[in-house]
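Pasting the structures here.
Both complexes shown next keep chain A, but they swap its partner, so chain B is in the first and chain C is in the second.
Coming up: the complex of A and B.
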């Protein structure tokens, strides 16, 4: 976005999180909010990542551990189901992979440049040793 | 509006609409944001929030962006608590005069601050808020160091931790003073609720936040916030370190109601040695040298002693 310089604002100027009014914010999901250009929601930190998580829904039990422990609101869960990762906001920390309890894991880290389809096709098999 | 939000289990919790946004500038794996999400998602009420200077504030309000979807104020390092207390006082006055446009909405007033901003620099402001009885909640993001300015010790830094102003080296094992017991100090203000929480115990956290928001009067919450940068561990291990902290009893989870009813809210099935908690973090690395190993034993003794004390208080209801 085009940034105004600090001295270009009128005194008392206001930057708003949303365009227009949202009456019940706690009851309005992200996709239904009109974020303004001043919410960090519209920004991206994708270029921070060296590694990225890939989600394999075949093994997922929808426990939501990844949702609650992701620091960056990047695990998208709707109607109690984990449905994907927000790759604009994911910083590649790897916490979601660590807390995923399935065997094999439903989330794994790969180098940022990896191809999702290839990785999903060669997903590791169940680990016989416990955990 | 002011019913307590139903959060039976994690699946139900995951239907929350977050009011804290990504693409903030906190480090990958930072626990501050995990704590903030759990606190905000514990309620559906409107929120009036503040953040004192520190990582959370600096990384979530970088012009032209904000990461907050609620009323939010930042003034200085020391006065996030009083900023929110001022808003709460105004709210009460307008309510009394019948001048609220939507009187049925009951906003919750929450101040977030680091340990530096709470244990040291904002101490008298918080004490004032507690003593005056504002209906606010103060949440400390306790990473036991001034993280945002590069890791100086605070009065929350524990013994033996290497901080930039108390570095470990040839002549020193690092920090020499023990961590200040802020929860006891805050409870001594006769506030209705003080508690310690940890992000890995999300359910305990939500319960305590909901209790704190339901009571009338000031609430103090100390949240352990493992800091990948200053504690020196891999960002993927934040929750593992938090588990070690709660399960070694280095961070016991408990609450104090009206300064006399102390309840331990989490008793680990397998208590792990403090040594394992220390060994997992670079800030304690030097303690494993032969000449400093006696400190690990002392650490364990201190933790055992504190745990015994908490148990005695729980039983005695004093």
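Coming up: the complex of A and C.
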């Protein structure tokens, strides 16, 4: 964002989500919205994260629990199919992993620097049910 | 309009609280979020009564503290409503954190502050401790000396605060009990005149404008915060006084009552003068007239606008005077009083060097009597005759025990 002088911005501790007037925003997908440069959507907070979730679609049943519970709207789901994670806004809280009901889980937490392909290749096996 | 209008007499007998409540009714406040505290409670109580009697179309929000009251006001103002509340003393102190939010967010809330001492020791009576606590908060501060002015200044406050060039919150101060609970004749405006003066509320950047979504109350760090604060200070320093003057002029046209940023009394040829605020102004005026009969050319300067501070208007008002007393009704707790410092600052780079002395008086509702002011004016005249301040620069008036003087 350009650093403007004191007389060059609108008054108030206020930022506009869009430049100009918007229409039917509820019916428009995030990726199709013309967010302004001041919208928090265009700012990455990925560097807040220490651990990251990795999504393994092989076990996902598209139950949408992660989408419902994510406090940062960082689970990307389209037509009720889990697509992946918005890694610009995910803070790595691990709630999605906690609520994932599959066995093994379709989402697991790893250190931020972990390699996704390596982790997917060594994904844990199904836990045997014990009686 | 779905609410009823009220027929008022040309002159009503109102105390300062009821006058302020009537002004809030006539301005048709959308939201009052309030928590009761002596002596300001009857203002918000009055609004609630008018609301329940269908004289207002609005919302009264009962909250659990003054911090929540001002927070509710901030939310309602950001949403796009005309918003007001009232408080005093400890309640004001609890609001302080949110006062800075309101001004930084540029929300034109009007806060009626019925001035009362700050504990400890706990005290419900009038002094200016709470008023002084708010003076760096970025609000406009207007001071009423009597119930009539508490009524009138509410209209002025909305008119100035809500102007899209200003968008700053405003406080209307009145002295606890001496103004708030003393009934006097108050000249009224009709409901239509009053509402016509403040006009319909014009929202700006409101959250309920769904076609232009905004985020209010954003965070900025070292890269942006300074620019926001600089802008707010700039607008207080350069834009507010012209708008206040315009509002005073328009109000005089409407009501015949003339207000000034600095209220001068007998200052044309005054040798000695007292600068003060609140109900003390009226007492000082009475004594000044009596001093003239005794041959002392006395005058009074009352501050109508405290923030922004009328730096040049004060210097102008005091330019020909020889001795000045700055009366502070708040304990400076280890410094000269606020008025002493501000006046010294306003005069320091001018050619005229008047003799300036400071007085601390009236804490916790202690009376400032006419006898106090007679000796004060006499002391000022003695300073003029001696050509120097004959006392220490800071004295206490009306406190028991050995005489207190410092500096």
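Just so it is clear, the second predicted complex is superposed on the first by the 114 of 131 C-alpha atoms of A that agree within 3 Å, B and C clash if a C-alpha of one lies under 4 Å from a C-alpha of the other, contacts with A are read in each partner's own complex, and residues count from 1 in each chain.
Here is the rule we go by: a residue touches a chain if its C-beta (ideal position, glycine included) is under 8 Å from a C-beta of that chain, and two chains touch if they have at least 3 such contacts.
Please read these numbers as outputs of a predicted model, since none were measured by experiment.
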| item | value |
| --- | --- |
| Contacts of A:128 with chain B and chain C, given as first, second, both or neither | neither |
| Which superposed partner A:65 touches (first chain B, second chain C, both, neither) | first |
| Superposed model, chain A: greater residue contact from chain B or chain C | B |
| Which superposed partner A:113 touches (first chain B, second chain C, both, neither) | neither |
| Partner chain in contact with A:73 - chain B first, chain C second, else both or neither | first |
| First (chain B), second (chain C), both or neither touched by A:40 | both |
| First (chain B), second (chain C), both or neither touched by A:30 | first |
| Contacts of A:14 with chain B and chain C, given as first, second, both or neither | second |
| Chain B versus chain C as contact partner of A:3, first or second or both or neither | both |
| Overlapping contact positions on chain A, where the chain C interface meets the chain B interface | 3-4, 6, 15, 17-18, 25, 40 |
| Parts of chain A lying in touch with chain B, wherever the complex brings them together | 1, 3-4, 6, 15, 17-18, 25-30, 33, 37-45, 48, 62-65, 67-74, 77-80, 86, 88-95, 97-99, 109 |
| Touch list for chain B against partner chain A, complex | 10-26, 28-34, 37-38, 43-46, 60, 63-70, 199-200, 202, 234-240 |
| Residues on chain C engaged by chain A in the complex (per definition of touch) | 104-107, 167, 205, 210-218, 220, 223-224, 226-228, 230-232, 234-235 |
| Complex contact set, residues of chain A against chain C | 3-7, 9-18, 20-23, 25, 40 |
